[in-house]
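First comes the structure, then the notes that go with it.
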């Protein structure tokens, strides 16, 4: 039951990288704060309302991906090289996210290119997460005892998240950045899908639902 | 009594995000250091004295909010999704703070807009902290045994902090950035209010006061 | 068997520094995202394809060095001042890496200077890692019991990595940035070398290979 | 003997802040890497040799201060509000250090102003460290059992470090940035002073010297 030092360290390292990527998202906004030298704060806020929205969206996306990652890793007692490599791929996607976020912030003509870049990045993160879940399912000795159900659930969640990201990417081909609000539906859709799957598969087990 | 892995990880993640947000506060000053190419260091320091003050103020604000967060989370043995979401909202406020700090730094005409943006950000952090405390009070199974008093105290503190922030926000409508020094009174006011409430509610219990 | 507080703290600190250095690698790309103000995203991506590649390369390099560091430190129960100093030298190399990465990103004429600077930085990291391994081999009381083989293996790996980096540095004298793709061969070469050495030295021991 | 959650969290938070401040030191150099757009890498390195030196110096200073901090906190089992506040003051000094480092980097005429700002920052860090040590000495219940000697040693070290920093600050009044190389002597002087004091006070105790 005792988690290995490698797992502890990989987890702490991952959390550190995510925490920094999350914080770097704000840098383009710190940069636009310079405009306060020449215009009123009211104009600044009005003009950059869309950039504030892009920041909040990326912040929410990273936070949600991190919560999913936490739940997936909660099923482990140890990690191997394969999980480490897939985790690095996941981190690459998270670390890169400030770039498409900044493109969304700076882009003026609001074509679909910025949205496609952004969604491609989210697909990379979701797909790496799915591959991580599949790898964990295949490596039973690395799992905490009695966690096979949670591992299966993580795989199902990964499939849903990846599909939703790909669907939004395709929608962005036609709708450009109007597709982005669809992402707001995702946590709701996923919660609904999970609840249904959960009830179908194990009608009695609801232990980690009762908690706040 | 053993804290859950989710709690450990959420705490470490939160600390990481706060540590980075704290450090990013210095970036606009690193940026102004470029002026050393064209003017003497003495002029640089004199000219940017207000920006140094804004940095120290935000540093103090984040440090205090972090200490409060630490005390609130010290009452927990586990966390649920609700606490995670509220914690993300709290983190959003902390991560965003470098933006209004930079606006205060760069703004020239010192209107009240920059101060209102800054105070609105502090209200968001304080309010998220209060909601976190209320959520924790409602989720008794997540609390460490024998901590109900500390949980109540955290709620009282959250109410005081939020009220003080809203009051300063209102004051800023009339006083602009002259309202900001009021924040310096807050720790004193809060310490006084706490000491009084503490004595009134549990005249004998002073265990966590004796320590350094 | 219990690891000392100094080791725990040095490890966490190292992970933090690496996590940040990894994330800072993306900053020049966030900076180039500003060009989205004046050109299409498609042009932006095409124009900066080489910079994206430089980012991914440095990300992979830091990730691999970190995995090696993790394995080396997994053999310790405590650390001394010598290991701390060598670890600081290793960290200095990691923290500096964003500079040559940015030089590779911004440099236009693609001379060999940028590649030499980059490879010199990698040699510094690999060499510090090798010195760390040697120091650990010489300090038996700091080692976890039963880890002498793993310690020897770490030294062998350090020699291979340092040699490969020096070889690529020399190759860059003639090939300029065409030498960089050679780095992609390194993990493969190292894996092969390790597998051979592993079989030769301890034909039966394969415990940490079975895991994920 | 078990360290409190507050201590664990304060330590992790401090390590995070230091790790980030350490990494931010490289940002002005990443910025100068842009000059690679217009000049050769050889010229870039030659021109910015002094800036590279400033980076390495600040890196070494932060690393040494962190090692001292680690040793001081190694004597604790718990922390109180006083230690937290003094620790925040120490962190303020560390977080601010990128600013004088950037001033040293960008400043052209090499007057003494930049050096005085830099040394004033180091005095702030050293002084906060000394006050932390004194506070810990006065709070015996927070100390790990049997650590009173190490606590006294930390105070002595703090006095030496603060004195050396003040002396260099005074020297900078006359020598400008020629005083900075004096800092390189400090670790040697301190090691010598410690060894002498160590032998004088406890001729037999050398346990933490034998380790690596």
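Which chain is which? They are A, B, C and D, in the order written, and residues in each are numbered from 1.
Methods note: a residue touches a chain if its C-beta (ideal position, glycine included) is under 8 Å from a C-beta of that chain, and two chains touch if they have at least 3 such contacts.
Chain labels with UniProt names: A, B, C, D = TMEM175 family protein.
For clarity, every value in this text was computed on a predicted model and none was experimentally measured.
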Checklist outcome for this item: Taking shared numbers over all numbers used, above half giving same and below half different, the subunit A and subunit B interface sides are different
Checklist outcome for this item: Rounded to the nearest 5 degrees, the rotation mapping the CA atoms of subunit B onto those of subunit D is 90
Item to check | Chain whose Cα centroid lies at the greatest distance from that of subunit C | outcome: B
Checklist entry - What whole-number Å value describes the gap between the mean CA coordinates of subunit A and subunit B? => result 26
Checklist outcome for this item: Here the gap between subunit B and subunit C, centre to centre from mean Cα coordinates and rounded to Å, is 37
Next on the checklist: Please output the residue numbers of subunit D that touch at least 2 other chains, ranges allowed.
Outcome noted: 12, 16, 19-20, 27
Checklist outcome for this item: Note: in the complex, subunit D contacts subunit B through residues 5-6, 9-10, 12-13, 16-17, 19-21, 24, 27-28, 78-84, 88, 91-92, 95-96, 98-100, 102-103, 105-109, 111, 113-114, 116-117, 135-136, 138-139, 141-142
Checklist outcome for this item: In the complex, the residues of subunit B that touch subunit D are 3, 11-12, 15-16, 18-20, 22-23, 25-27, 29-30, 33-37, 40-42, 44-45, 55-56, 59-60, 63, 66-67, 70, 74, 210-212
